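Which chain is which? They are A, B and C, in the order written, and residues in each are numbered from 1.
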Amino acid sequence: MYGGGYVFCEPDVHGQPDDPERLAEFEARIDRGEKIEPQDWMPYEYRRQLIRLIEQHAHSEIMGALPEGAWITRAPGFKRKLALIAKVQDEVGHAQLLYSAAETLGKSRADMVNDLLSGKSKYSNVFNYPAKTWADVTVIGFLIDAAAIVNQVANSKGSYGPYCRALERICYEESFHLKQGYDAFVALATGTKRQREMLQDAINRWYRPIIHFFGPPDNESVHSKQLMRWKVKMASNDEMRNQFLDAYVPKVLELGLTFPDPELRKDPQTGRWHYGDPDWAEFYRVINGDGPCNAERLSARRLAEENGRWIRQAIMNPQQKFTIPFA
Amino acid sequence: METADRHLLSTSVDPRLQRVQRHATEFHLLEQPEEWQTFEVFHQRRRGEHHVHVGSVHAPDAEMALVFAKEQFARRQQCASLWVVASAHIHSLGYQNEDMFATTTEKTYREASGYRLRHKIQAYKQSVQHESNS
Amino acid sequence: MNPIVELITKLGDDAFILGHRHSEWTGLGPILEEDIAMSSMAQDKIGHALALYTILHEQFGGPDPDTIGFLRNEKEFRCCHLVEYPNGEYDFTLVRHFLFDHAELLRYQLLRQSTFAPLARFAAKVMGELKYHVLHADSLMQRLALGNEESHARLQASLTEAFPLAAGIFEKSPYEDQLIAEGVFAGEALLQQQWLKEIEQRVQAWDLHLPEAREPLAGLGGRYGYHTPYLQPLLDELTSVFRSEENASW
């Protein structure tokens, strides 16, 4: 799962200028609604930003496995335990699919993982918050997966073939995530007094990260025009956030639960949702490494890398070279 | 793993991480990170259908690629058979030569729809009828 | 205890506890593809436990599967010591998985002949999953054993630790003779014999060796409710949310 908090790179002034004729051809293809495939000519910036986008998405999946993974050993009952393992496994699977999609653009998974572990690459902010109780797992499974679906469905209509193909399968699995998350959420909401309190507390803590999930307001997002023209970025942050609030706020309210934001309301005239200031400074702090769990998440992934390294090295065939996959 | 890492993990809310005990080897990033080969995976849903390309896996050899592909690409969908082939062994004819796939000249001679006979037979029948009437 | 209930309880408990151990790797496993494979096997194992506890519930009037899995105390569990051990590093996880799943595959092959029909039906159903578990274990074990010096040494060290514990898989039940006489299960002794052949053959081909001297009681006691110090903390964690609120549904 991944939100709209993409951090695109600054345009590279040293990049070679694109051949105007090929650029026109490329843009005409996108305008016709055709997909771009790995072997196609593509503008330098298109490739760079796409790698960045898909890589961040992949990192977010693998980091997203951590907060919920913390509850696998404690999930209450067979149904929840099996569903949670399957769900977290899917997230690892999503990372696998997305790393492959990014690899088609010429950056190997190993390089991407290295950039993640060194702190060079970003991933979704929302996974830098801890899942403190079982109720957090239900809030993540329901609301954050729901938010991720809004984002991923939009992205699946983008222009890059391998990314779209990966997202098609991902979106299919996300619908299971949402269902199982909603199911566990409703179980708490309709449960005992303590269960409801636990859930309300979790909602209170996750509300702000969820608002942050889609990224800063449109007027603060830089250089998204060209990326939208190239169908790299498919919907604006505010648009996606609004779509999410519209669909899911009522589902929480109907259960008698609340959001910790007195300003949250829908304008009946415009159909837009208003929300109180979610402290965007915090968003930038967290994305730059200073969130409650950034350091822990990175060390958990370093641990996983260490677990895998001796295995990979022991069965490395020196004759075989890594090839870019077709994905 | 670095001591700092170990300390961090011991304060995690994840009991699995709290338990991590490591010898004090220091984690380091690889300058030239190594990677297994990639294999393309083809999935057949039911007997009688085509194998369809569904993605790729990293693996040290084809057999391991199958072991991995089974869970990454056939854990949910119905599956009758899986193939893997090293990505390096795929040859493609495509996008740079897209014009080759375009049919510009008249090629209806190789389509079923290029052969319409009914009207001829109809005309013949009519002419025979006409003759016998006269 | 009814001999069949005892048998199914230990099968279920082995699968439940090992599946739980496997699932500790989910999201932290080595190499994404392997992480995914291990998570599948974790689900398979826990799924087997659920199916077996369901047989207890439906055929013998036992409590519902969640109660069996999450509300019994440590003494009531019948799992063997091997599955209780912490995961350690991935080499131990792999070697345990290799030793256990070869026994599991052979066991369910024998159980397909069981005169207790629900168990025979279940055995037929799990064959495919267990075949994959064994294929997975064999494929990785072979490559790592023959890999490089480090991987060989790691597997050998884990094998030396885990092999004696594996004897506990075959610890005889108090109703062994009765189960054999009634054709419910062909017996632990026969199973162990078949298993040892499979293991020895592979270990030899892979340049590993089984430890010589063994403590006679190593790995034993689990089938009678005597467990390693690892089981209680595992159960505390496993059931912490489930037990945190009485009469709640989750």
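Just so we're on the same page, a contact is a pair of C-beta atoms (placed from the backbone, for glycine too) under 8 Å apart; a residue touches a chain by one contact, two chains touch by 3 or more.
These numbers were taken from a predicted model, which means no experiment stands behind them.
Taken chain by chain, the contacts link every pair, so each chain touches all the others.
Distance from the centre of subunit A peaks at C, each centre being the average of the chain's Cα atoms.
Nearest to the overall CA centre, using the mean of each chain's CA atoms, is chain A.
Between the CA-based centres of subunit A and subunit C the separation comes to 36 Å, rounded to the whole angstrom. One inter-chain figure worth recording: subunit A and subunit B are separated by 24 Å, centre to centre, where each centre is the mean of the chain's CA atoms.
Shared interface positions of subunit B, i.e. residues touching 2 or more other chains, are given as 15-17, 57-58, 60, 64, 72. Contact with two or more other chains is made by residues 66, 69, 72-74, 93, 96, 300, 303, 312-313, 315 of subunit A. Across the assembly, subunit C contributes residues 24, 28, 31-34, 36, 39-40, 140, 143, 237 that each touch 2 or more other chains. Contact residues of subunit A toward subunit C in the complex are 62, 65-66, 69, 71-78, 80-82, 85-86, 88-89, 91-93, 95-96, 99, 134, 184, 187-188, 191-192, 194-195, 300, 303-304, 307-315.
Contact residues of subunit B toward subunit A in the complex are 1, 4-5, 8-9, 11-17, 20, 22, 25, 27, 29-30, 33-38, 40, 53-58, 60-61, 64, 72, 76, 86-88, 90, 92, 94-96.
Residues 24, 28, 31-34, 36-37, 39-40, 86, 132, 135-136, 139-140, 143, 237 of subunit C are the ones touching subunit B in the complex. Every residue of subunit A that touches subunit B in the complex is listed here, in rising order: 37, 39-40, 66, 69-70, 72-74, 93, 96-97, 100, 103, 108-111, 113-114, 117-118, 130-132, 165-166, 169, 173, 295-296, 299-300, 302-303, 305-306, 312-313, 315-317, 320-327. The residues of subunit B lying in touch with subunit C in their complex are 15-17, 19, 57-60, 63-64, 67-68, 70-72, 75.
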